[in-house]
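In what follows, a structure is listed as structure tokens, so that the remarks can point back to it.
Here the chain labels run A, B and C in written order, and each chain numbers its own residues starting at 1.
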């Protein structure tokens, strides 16, 4: 559309128009170039030490020596907490979205309040989720479990652990999954549902055999976005389970874990010598960025595919 | 259009209900549907639980039940037999349940430790004050060693000082810098991308800016700490290497994608016909964008700024790493600041579980939650109103 | 937990996941043996981590986790029975002992593990080479605001301090500031190395921390008062006790846990082998008499 008015271009040179186009354009490219600076900085300083050995190396010896450092335990720790989180958040988020779109009346006041609350949850600061994780999961649920199973003696669950970090993150990413799923559920044509019902399927069969499979790419995108957001978060796990140093990988859900994001924080503020450990810091950041950008990239690909597929159906 | 859609909706729901009535009873499905309902309700409940549980820990402060007074009377341990159990329990600050579980040996040990604590304590004119009262939280006070009334946050001290004003100022200062930096930049970018740029540029610029939101905040904090701080110091030659400016600019970068996407969304949702009409009467693309599209989408741009504010004030890792974390009352952006979020992050693990410091941190967490909740609500509401208005006009 | 349970019973797929989770949870209960959790002081972090690495090299059956946060955090965790050992760069306070007695009925056992000379760092370009304790107090409480007041250039002093959960912070506050508050404009850093980094990059800066961190900054000589000689934080001076701001670093343990692996670890870190690590990491070994 915007091309069609090319031929109506004014003949006189409009300075203010040119000036402001350049100005806003400059703002845009400034943002993009800052992004480029950040990424290049990480890439240039991080690549020299970035190797297969770095990725798979452990922390049994010399966590802070530039030559021997490895981030395998952090990669595993981050993956475990994100994996456990996904197990919790995806089913719950999808079911909630199904309830909101398929069952709840879309015009009722309650549904609107719920939807508003869910949207709002997405904007709550991550540190507040950390407080919630400590106040609810650890000191309420965890201590409660200890009280029931161990009569309040030794503490097995009422302490920071990977499960509480994962649950805290699950609550934090719940809106991401709900919103993405709802969106994709609503984008499915009513005709499909009606056809299914007309053929004698029950509502539940329609939902699980027709609607949900159709919405799968959207659900997947939501899940990946949630994982991408959770993978880089540090604030919510500060009090809920992350460790400075562990010799081995976490073996059970009530173990502590090491984490890529938190390790970045440590290397930037608490290593024995910040200047000396800078190469490890940058390589760790590079690993973290590859992980989060990789996930975001997959999400974009999936979304693109989904859109293309839908376009071809119509 | 709208009408037929509504009709369809109504018909469909009647059809749904009719079908479920017409089929023979399926207990399993009934159960599953109830299950879906339960899961949805519990997920939603969690949303409300968050507020409840953060508030629960902060309640002693809000209700004024916490007491941080340092002065304590000491009863020598050998007088243990002269006290009634009730007196002893009150003296040792134990719950009845805890008290009953302890043998006399332990109680005596506790009394001895109390005696030692009494000897250790440094006398102070303020030791009888309960510093968790609101007047100490909000108003300046001339503490021992300070020549005039001051706003002081010093939770680890002989007299615990919990004035939250420096923290609020710290949070607002970094957030303000972030907004001043990112609002003009991201709104200009939003105008450019949505109105002026040719589609090919738009195709790659938009995802690139959104990519910024994929950078974890700890990485942004490290970037601010190592690169930005040095860079800005060579430009401005200020005193403290880490300050509100460094943290604010890094925060601003973090919220650029937030403001940009919402503003861009609002600008794009202005009907194309507006622009076409403006161009038809001879205005330039820029004039159409500035005088027609932007005013129409202004509430959306405002919403973008509010949501950006909510995001910036709640950011933790960037300010923790890059703001210098000094709790001072100062209006200068070249001074270090301590924000609410970094205070929670740095001090919570230290605070004695359930103590007044712990409660105080949950209290400022509740404040933060409240502020972001209200700003998000406002932003969402404005955006919702704008969209329905623009879509209504289109009809 | 309730949330998982519900989703598990209503979605076929989740049932499998639930089984996995329950299995993992079951493992959790059996995986307690041979693990030591150490939490506390940031000053002791690097040393504790190094000790753990070397100790585990010789005792592969023991698995040690090290967490930081600060001395106060260590004591809070010891009291909450969330850690086996609490590292501390200051002595336990009687309120903390009280909390421990309330929690497990006994006073925690204290082990001195090494010596540390608390060093005051300045930028290498700074002409000031020594300060008295009184001047230090003035600078860190904000009474002295300019370097020229202590014989330096005419430049405002930037004070670098630590987060208040740090034992170093409390030790410095108690022994150098005599209990007074730090000046509010002090930059609060998350770790000693961040203080050092700040001082390295800032010609007007002053900071404090463990002797081992000093790196490219200059450690000041400290005078007890204006008439006494300036003393550098060297091993000799610290061990002899002539350097005025030195301290022990401690490990605390719940006495009923002080057996088996934990006890042997505690013995090892105070043995000659453990004390060798102390020296490598830049701290000062315990005098022979205190090692038993």
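Please note the rule applied: contacts are C-beta pairs under 8 Å (C-beta built on N, C-alpha and C of every residue); 3 or more make two chains touch, one makes a residue touch a chain.
Keep in mind that this is a model prediction, so the values were computed, not measured.
Distance from the centre of chain C peaks at A, each centre being the average of the chain's Cα atoms.
Across A-B and A-C, it is A-B that has more C-beta pairs touching. Averaging C-alpha coordinates per chain places the centre of chain B 30 Å away from that of chain C.
We define each chain's centre as the mean of its Cα atoms; on that basis chain A and chain B are separated by 18 Å. Work out the mean CA point of chain A and of chain C, and you get 34 Å between them. The set of chain B residues touching two or more other chains comprises 32, 36, 39, 42-43, 46, 321, 349, 353. Annotation for chain C: residues 3, 7, 10, 80, 189-190 touch two or more other chains. Counting only residues that touch two or more partner chains, chain A has 91-92, 95, 265, 268-269. Of all residues in chain B, only 32, 35-36, 38-39, 42-43, 46, 94, 98, 102-103, 106, 109-110, 113-114, 116-117, 120, 122, 143, 145, 150, 152, 154-158, 161, 166, 230, 239-242, 320-321, 324-330, 335-336, 338, 346-347, 349-353 touch chain C in the complex they form. Residues of chain B touching chain A in their complex: 8-9, 12, 15-16, 19-20, 23, 26, 29, 32-33, 36-37, 39-40, 42-44, 46-50, 53-54, 56-57, 184-186, 188-189, 191-193, 196-199, 205, 207-209, 211-212, 214-223, 225-227, 253, 256, 260, 272, 276, 279, 282, 284-287, 290, 307, 310-311, 313-317, 321, 341, 344-345, 348-349, 353, 361-362, 365, 368-369, 372-373, 375-377, 379-380. Residues 1-2, 5, 8, 10, 14, 16-17, 20-21, 23-25, 27-28, 30-32, 34-35, 38, 41-42, 91-93, 95-96, 98-100, 103-104, 106, 114, 116-132, 134-136, 139-140, 171, 174, 178, 190, 193-194, 197, 202-204, 228, 231-235, 238-239, 261-262, 264-265, 268-269, 278, 281, 285, 288-289, 292-293, 296, 300 of chain A are the ones touching chain B in the complex.
Put simply, chain A touches chain C in their complex at residues 60-64, 84, 87-88, 91-92, 95, 141, 145, 154-156, 158-160, 243-248, 251-256, 265-266, 268-275.
Of all residues in chain C, only 1, 3-4, 7, 10-11, 13-14, 17, 21, 24-25, 27-29, 31-32, 37, 42, 45-46, 48-49, 52-53, 56-57, 63-68, 80-82, 189-194, 196-197, 200, 212-213, 215-216, 281 touch chain A in the complex they form.
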